[in-house]
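The following blocks contain the structures, represented as structure tokens.
Both complexes below contain subunit A, partnered by subunit B and then by subunit C.
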Partner chain A sequence: MSRSSAFALLLVAPALALVAVFFLHPLVLSVMSAFMANGQGPTLANFSRAFELYSGDIIFTIFVVTSATILTLVVAIAIAGALTLSASASFIAALRFLYRWPLFVPFIVAAQCMRTFLARNGLMNNAFVALGLFDPTTTSGYLDWRGMVITFAWKQVPFVTLLIAGAMASLDRATIEAGRDLGASRLRVLVELVIPQVMPTLLVSATLSFVLMLSVLSVPMMVAGTQPTLITVDMAFRINAYGDYGTANALGVISYLLASGAAIFYLRHTLKDDRR
Partner chain B sequence: MKSLLVPTLSVAVMAVFAQPAAADTILNVVTAGDVNMVDYVKDYLGPMFEKTHPGVRVVSVGTGPGDAGSQTIYEKLSAQKAAGSTAWDFDVLVIHQKMAGQMVREGFLVKYRDTVATGKLFSRDSAKNSLGTNVEGFVLPMFHSQTAIAYNPDMVKDVPNTYSELAAWVKKHPKQFGWNGIKGGMSGVAFAVGWVSAFAGKQDQLVAGPYDKAIETAWDGPLASLKDFNTNVVITPGNAGTLDQLNRGEIAMGPVWVDMFYSWMADGKLPPNLKLKLIDPGMPGQPMYYAVPVGSAQKQLAEEFVALATSPDVQAKGIVERFNWYPGIDADNLKGKVADAAWAKLFGDIPPATLAKNGQSFPITPYFNDILEAYEKKVAN
Partner chain C sequence: MKAAALTVAGAAVRTAIVVMMAFAVFGPLANLVLWAFAERWYTPHALPVTWSLRWWEIVFRPTGDAMASLTTSIVIALLTVVVALALSIPAGYALARLKLPFRTLILVLFLLPQAFPSVSIYINVARIFYSLGLAGTVPAVVLVHATQGLVYSVWIATAAFAAVDRDLDLAARDLGASHLTAFWHVTLPLAAPGITASAIFVFLGSLDEFTGTFFVGVPQVNTLPLLLYNAGMGGNYQIASITALILLVPSVVFMLLVERLLGADVLSRIGR
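So, the complex of A and B:
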């Protein structure tokens, strides 16, 4: 080993040690605990209990987080597209100023705001009623899966927009202008020319959002009732109500598997980029 | 210069050292509770105790709400016990039921009820039995909190008296009843437990044991009817979620903690016309306990502290008037000491006789856990 690479290793050693002690070690412990019951193992008892009690919640989690990811992408593409393709400088300036705000709001604060905003007699419905759009007797609350999807999307849109708008800004404007010159509408330029070129960024930001939303506890606790709920709530409940770390960790492993499905996706794309 | 400096310095040094020498036997009170309970000791009980005990300083520490807070206290004491420490860090404990039972079983607590004057003021079962463990003598209830059904009289004309009437009411008025399930806080847990014990019976065995898994087959019917009940209700986000939705008129009825209900009303977060009903055959509640650990170096003082905290005056002004909790001591000791308005508020909707009849305990720990898990299996999934 050359001296410079030994020196480099020494430099990254503290970071590696941190990862090993505070990430890999607990990760290994939690995976091991998922396969142990009453100090005995290996066993699948925790997993069979997890599926018996929480199969509905696992499917619900996939549904909510996937829906939220899709909604996030659609809104983020719309904003980033408007920033890239709009001709009005003042519109762009206003949009650019506004869309970033939720980046600085923590999930728990967003969840607390949505609790009163999305309720049946909450701010949103009351505003619609006051505008004469709704009749007060026909309003319905959104404090269920819809509330979670909206809260997640509200929080994640700026992050995804930031990434996508950056990628769009670095595109060669000539392709966009060529499309416009040939008479394509802005929407068509966005869908057929711009999005295909930023696809790698789009997928990566979707992956990161998916994994992040999978791990949030505050939003499902605060925005929606707990039947059904996300598996983060079930994990917390296993520990708080029964002191049952085994099943909680089994749910954790299921969560890792969901996240690693997304992570494989992410790695494939970043590796492809690196090879280029 | 030099001659002046030395006496000045020595006076200063003496002043510094004299301070702790003259004062301050320290009484450490640890509370497994939220900030409000820690402040109750720090701002209210502590100064009152210091006034009658010159030279004593009360230090109030909190370990956080819920059973997790009691668990923290247990871990600390058990480490000191294992290390053979002669003066444990805590002198007075404020703990939950589950942990009180465990600490008594493991010999952590002093049997002190008969040595304090207020020990005679407790007749409720909660002073003797904590989720199936005999704790008589080792603990005194600080307060009782109770769950009940809150309702909006403008929207509910035919107020249900029993769980069966409630089920019928919910069928007739879909989506007007809201509760938080079992993962969103204890008011929902209390409702589920109350439902099972109302329809499956054996209430006495649930709260006092012995534990026999065979009786759990009787839960299938009640849980199936609870699942059916749930199709017509709103599942709210948490204890506070139920109160929020009552406040906004989105639901007309729901299970709540009585103390939260009155505190929210006092803060203007609930309309003042809302009412409470403790339906038959009852809903659970729970006490917090005062206890003295065997390793305390200040047992005498600790017992005097608990005696003050459970005296009728403090129970009236602190527990009832300040926090809207039900007293730890028997309520008839407070007559004349609580302001009429506070008394009327706390016992207006739920008179003492109803509270005594329908204020249940939570089941013993193994049944408690089994009810929750049966609910998860048969109702939630």
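So, the complex of A and C:
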């Protein structure tokens, strides 16, 4: 190694040390602890306990996070598509002004907003009742899986829209115009011409959103009831109520496995980009 | 005639979409604002029964919990910025300007703390701090926040240094400046807007951070997000909503600033 690259490594070393000590080290600890019970290992005892107690919540987590990711993508594609293909300048300006706001809202604030907005007596039900859409005697709250899916999507849509609209803006306008000239509807141009070309961006933003939702503790804690809940809440409960690191870390490893498929894709994509 | 009818129908659909989207975006925030000024609000009333500023007075009372949490949050966020920048400026310079082996791998390493399900990471970080006797202290929370913030500070600093014209540095050294002088008086000032933007991201990330503080900071370190959580779960929606509004102010103000600080020349280089 040359002297100059040794110097470069020296400049990067302190920052890397922080990641090593406060991310890689606890990551290794969590995996080791997941495979150990009573100081003995390797064992799968923690995993069988985790599945015994929380298999319902694991499936529920996959369901909620996948639904939220799909809802996020559908809404983001609709907004980005409208921004790209609409002929109405005032419509585009209104959408562009509106869609970004939740991006600036912290997750915990979003959770508190939704905790009131989606409640039985929240502003959403009240607005629909006032418009005559709902019967006030039969309204119910949405503070369950629906609340989580809505809150996650509300928070993630701006970020994903920003990425997708950016990718759509850099597409060749000529193919889009050609499709329109040949009589294709805007929806068909979106589905058959635009979406395939922004697929890499779509998949990256979907995986990032998926992993992020697996990390957020405030939304399941504040927006939904206790049962069923996401495994993030179960992990916190195992620690705070029982000091049970084994089961908590087994659930942690399960969350890594859920995210790893997504992460592998993401890494592959960034590495490919870098080689260019 | 048919074309005109279609145009009208199109405009109506567009208006309906904009109205629905405005409700979806601002409805939850409006509910928050209503709670912040509600004295009493219960079913079946669609709006607060009585209004008051009493809770604002309680939150902003200089000796109250909220002011203590605000101070703690700001101190932690500022210290996090100092730690993150102290580590990221040299790292960003090396990543942008010097010949560095495993460059891509190093960039990805800084991303990992943000691209991983983090709850079990924090559980084990808390355990490490517990064994060191640092659990529930401000330095522990700062280190956790800085680790999460590095992806912004390192990636943006790298992009900011990469966007500075190398020839300016060479010109300064031709005129007799040392490496360090050229860096300090030429390269760093030119990269400063990008680095300031990265500091804003790190500051906001720390200010809004909940999960890490929840595990590492309890029970002594009480930041605004923890106060919000405890008030919200305890059923005091007024305190929770006012705290949430306090957290929103810097987020909105700083994000408007960031757009001015991060030019396209820096933005296009982030993550490269």
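Here, the second predicted complex is superposed on the first by the 267 of 276 C-alpha atoms of A that agree within 3 Å, B and C clash if a C-alpha of one lies under 4 Å from a C-alpha of the other, contacts with A are read in each partner's own complex, and residues count from 1 in each chain.
One rule holds in what follows: contacts are C-beta pairs under 8 Å (C-beta built on N, C-alpha and C of every residue); 3 or more make two chains touch, one makes a residue touch a chain.
Every value quoted in this text rests on a predicted model; they were computed, and no experiment measured them.
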Which superposed partner A:59 touches (first subunit B, second subunit C, both, neither): neither
Which superposed partner A:216 touches (first subunit B, second subunit C, both, neither): second
If touched residues of subunit A are counted for subunit B and for subunit C, the larger one: C
Which superposed partner A:122 touches (first subunit B, second subunit C, both, neither): both
First, second, both or neither for A:241, with subunit B first and subunit C second: first
Partner chain(s) touched by A:227 [first = subunit B, second = subunit C, both, neither]: first
First (subunit B), second (subunit C), both or neither touched by A:141: first
Subunit B versus subunit C as contact partner of A:99, first or second or both or neither: second
Where subunit A meets both subunit C and subunit B, residue numbers: 115-116, 120-122, 221-222, 236
Touching residues on subunit A, where the partner in the complex is subunit B: 52-57, 115-116, 119-122, 141, 143, 221-229, 233-234, 236-237, 240-242
Complex interface listing, subunit B residues touching subunit A: 66-68, 180-184, 230, 234-238, 241, 244-245, 248-250, 369, 372-373, 376-377, 379-381
Footprint of subunit C on subunit A - complex, ascending: 1-2, 4-5, 7-9, 11-12, 14-16, 18-19, 22-27, 29-30, 33, 82, 86, 88, 91, 94-95, 98-99, 101-117, 120-124, 126-127, 129-130, 136, 154, 208, 211, 214-218, 221-222, 232, 235-236, 239, 245, 248-249, 251-253, 255-256, 258-259, 263, 266-267, 270-271, 273-274
Touching residues (chain side subunit C, partner subunit A) in the complex: 10-11, 14, 17-18, 21-32, 34-35, 42-47, 83, 86-88, 90-91, 93-95, 98-101, 104, 106-110, 112-113, 115-125, 127-128, 143-144, 146-147, 150, 154, 207-208, 210-211, 214-215, 225, 228-229, 232-233, 237, 240-241, 244, 247-248, 251-252, 255, 271-272
